[in-house]
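For reference, chains read A, B, C and D in written order, and residue numbers begin at 1 within each chain.
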């Protein structure tokens, strides 16, 4: 080719080579809903009640309601206070949200009567710092927490167990897994449960699968909760997903009827991604999802764009909208597992900035899936953070004195729990007559980073074993019995304590997790009491001492050594 | 337990328990003081751990409890649990490829692309397509096209050269473009494509390209005299190229390049010796001599005392590993170690097979079916840990537990409960790792043998011969019948019958050869047709089970004469296979033997023979009847 | 959202597993304190013992009401009704509620079965409401299936 | 010849009549979306539509199977386009292609929402993949059992391409002409800077 490009500066070349330029960005197109939260095509707020029924919602008469409007009007909005609350000027409500003198409960008394467009109108007034300020108060549980992913590119149960153990030790309150080969699910779910309990008794686990199998594993007590129950903001996309608000509400009750904690999943961008945003902004549609979840009576929601993060991430103000959607979930009193769980950017700087609106104020689960395995092993298609980022995360917590739910753990402790998790799973597999785990595998697991560091397993035998788990009707009780009889008494006790919780139903309440002493901690007994400086959750005392530790900190007493 | 007093009780409750390689079976019966037996219930569960080791206890207890539950009886009522003397049998498998095809100097391309172009034979000098513009007219040329070239451009270049008078007679392409190029030529020529390493085709050499019409095979390059004609060879040279012709037989297309010393050779790979000791002799046989030679040697050292393979070979490694595994299994805390030297290989089965392997020196990933030998070996030990199992069972159930007899004898006893069977009777227990035979004579004498090779070897043969590289699929091919999905609404079974369905079949099986598993049709990932897959499956079963059936029965038959057998009863998991019993029955029919799948107690099919045999033997002792002496 | 009877439990009674274990029983009638390791090892417990009882869901519904979460409470009340329905039937009912999966008559039968066989009036009401909305939004199964 | 960069080909779709049902059992229908080779000229990763169509056609031709190309105007839903194409195909097999590159192999007896092979990750489809898609479609038409085209995956496709894919999807929807029936077209290839037709 003889054609020459115009000469570019060396600086441009440097900038061109920056990872951020591998990300994709697009212009807004509000008519089609390709816009974060500021759109002239979103409806204006309005509500009218007649005979105890909402007959007009955001400019639409009941006869014109689509099924989202109907469900929200029938179930989500408090009819008694709707007209009064929606009449309050949006700016007043926005100010209540950030005013430390107004309690969380006082805000909830107003938000329970708001329409979707009204909520949008309120949060549109708030900049990202104000959103964070509000999140700090509106988060349902006082103590923030984090959730990890433990998966394996080879679906190796040994890896899932030891990385779950290390993750639990590092602080994740919940652990989630999923599969490459779905038939591996029973073995991997068992591994996650056992590994999690070795790392820290009381960790809750889940395995993301299609509804029937996920529910079955839950009912058998092999997993403890579920969250991959997706909902969408327009009727057409909801129907494309082969569900309706009523089918999902029914499913929510089905989980509760088996004593299993559950939350829905939604997020900005999914409707426009599927081409059916009906001309509404991403945040408006997400607010409809949030209120639908509220109306279904599910205790919580995983949101923050989730698997569509590339869409809000590419438009102006998109990450502000993502922060706002987390806030809206919290301000209507739902547990919020706030995203940061999908590969988001080629730029580390951008990955970190995207996290700040959740990390700084704290949310119920800052990540709804921090990859507790290297991203190459992450079967959720990669997370915003993975095992390589552990030390950075811990340092950021220490720098800013914020609690992101993790902590630095010394190598010896890590190796100890990894080894124990592998041995516990080895003993349990032998006890249940599942394909053996060799001593070589235990050794490899203790010191491994990724799935490549493990001996290959006999996949055929594993799949037969997995099938036999289902056929033989193995339940959580069998796991407890196996662990107890093979000498892993403490792990067996932890698992039994988790199983006992489903009889009590305490984990069904909003934002519930289980502490290391097996106390259910939820929005009922750990109420967020933030009321300005010096109140609410503060990173102090023993926990702060814990977070001061890093891999390398020079000792003040003897600068020739490190503390740790 | 207080209610049971063996001295006075009118009937005692006993449970026979058979711990096999893969399943543990129980047979619950009540025995009257006169030895009369009332069978109450049976149960079957997976064997826990390796047969003959303390790990078996859990499975044995599960089976006993299961049988009790079915009969509505309590654990406390059991008087005696009867266990078989289960000696651990461990089998190993290995495969050695013993031939190798090598092409030197890139003499030949014979990979049979799916869609060659044109038809006929072209002979000329190899020239790169890029050099066609400089090629002088007159001399015939074979055009060689590198990877990445566009089919439109190649066709244009050839057409241009031909218009200039260059005699382009054939082409060899890297890409899958042969039809595309030929369709665009003014004058059609034979074209062979998908030659991945086309850059290694020698240039400036005389080459012949031949493509046959669809559905036909080449005639000239697969014929030694055809090659001699094309390349003007003398008789000595013709003899030298005959392997090339042989290698190309059956192909639809081929390229042969004449180079100074190019050759195709079929080499035997030395893979070491097998040392067999028995009958006071020690014989050696080269593994690459093939299955027949190995099995002849094995026959000459019967009964086999031990076998070793040459260290550093697959066979040597496999035999050593089987021995080590057995040593590990016998290693139980509180029991004396069993030295490896005391663990002997007691049988070897060799089977000829073939493995598709990429040809060394090939330019297009040519695959040749290389010969291979598959070996199964079996190790037994006279020592067992069954006493430990018996002690544990006794402790857990609060009942007596005794070790009741040798498996083969018990199996025969159980087989006798099959309606229509009488002494003398032989049983064949078709398992996963070994095939066992036992004979009970009219006089009540019993002999039993175990031979190596059973269901697992069949799976391995299917896996390698179909190049599946997936044991799970191979296992399905072995276990279930085949069909071809002809549309979303019908399949054609392997017997030719057609079955329609109302619901559309899943897309991933469309147009594929499938195995009809209980969970629905599963595709067999192979380009072979249904008939080929079926032939491989049946041949694998024949070479293992039929060969072993005859071998094992000869070892127990009086005077090694199969005609001396009257009844042969098939038992074990593989007796439930949909065609193995027929294959064996067909093979035995010429010897006048009645052969069929057992139906133990008239209800259990080929299952539960040993467990119910234990009960029978126990009852016989109680009645002070004769007992089959140990062999 | 009709008003619930005044709650007997208050937020201070949470968590029940610690503050009121005496109120918690398994569907088989065992007290939660019977779920011990000894009981597990001896095989006294079955999977049925690890399910939640409808009475417990009613208690949790009271707690949800007491902490200002009427929708959550309603969900727990539906769940309490659903404890009696076998697993496979729960999934079948869920599938019937998917778009265009059931006719008006089928949904009516489903609601009747919930209200009658299972004594589940709250669930039945949810299904009736769905049937009404589906009719208006063209989400009922069409009598002649058009898969083309 | 291998090193020379081939000049970019152009593509126009010349309408030759309404899209009818084919009768030849050895044909595959290629059904393209409303904006294909019109409003848009290349896929999300800049593969020219000329090359996309040329390679799919080549894959079919190499298998000795014929092809007909139709353009659909009243939907931009890939399953609907592909299934509609399959119903018009003499063999019952069709390849459906969206402007951004997303492609599907469909068969007429399958439910609309099912498919034989789906290539959802448009950023990972290059000319070689389009060739294999054509080849596989032709093999299905012949009743053979091709190995499915290997699908690729890239975790970082989300941040780079997700939003652009959504935008292209919306634009394609804009080009829908409700009620306009599908037409059979003749693909006319040309070369930039050259009048010679390929």
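The rule we apply is simple: a residue touches a chain if its C-beta (ideal position, glycine included) is under 8 Å from a C-beta of that chain, and two chains touch if they have at least 3 such contacts.
What you are looking at is a predicted structure, and each value in this text was computed from that prediction instead of being measured.
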| item | value |
| --- | --- |
| Pair joined by the larger number of C-beta contacts - A-C, A-B | A-C |
| Chain occupying the middle, per Cα centroid | A |
| Computed distance of Cα centres, chain C from chain A, in Å | 25 |
| Averaged-CA centre spacing for the pair chain D and chain C, given as whole angstrom | 49 |
| Chain centre separation (chain B, chain C; CA means) in Å | 53 |
| Sequence positions of chain C contacting 2 or more other chains | none |
| Interface hub residues of chain D, defined as touching at least two other chains | 111 |
| List of chain C residues in touch with chain A within their complex | 1, 11, 14-18, 21, 24, 26, 32, 35, 37, 40-41, 43, 45-47, 49-53, 56-57, 59-60, 63-64, 67-69, 71-76, 78-83, 85, 87, 90-91, 93-94, 97-99, 123, 126-127, 129-130, 133-134, 137, 139 |
| Complex contact set, residues of chain A against chain D | 1, 22-26, 29, 32, 34, 269, 272-273, 275, 307-311, 313-315, 342-346, 375, 378, 381-382 |
| Chain C contact footprint on chain A (complex, rising order) | 66-67, 70-71, 74-76, 78-79, 105, 108, 211-212, 215-216, 219-221, 235, 239, 242-244, 246-247, 249-259, 294-299, 333, 473, 475-477, 480-481, 484-485, 492-493, 496, 499-506, 508-510, 519-520, 522-525 |
| Residues of chain D that touch chain B when the two form their complex | 1-2, 6, 58, 61-64, 107, 109-111, 114-116, 131, 135, 140, 143-145, 147, 198 |
| For the chain B and chain D complex, residues of the former touching the latter | 114-115, 129-130, 146-153, 157, 176-180, 183, 214, 486-489, 504, 507, 510-513, 523, 525, 527 |
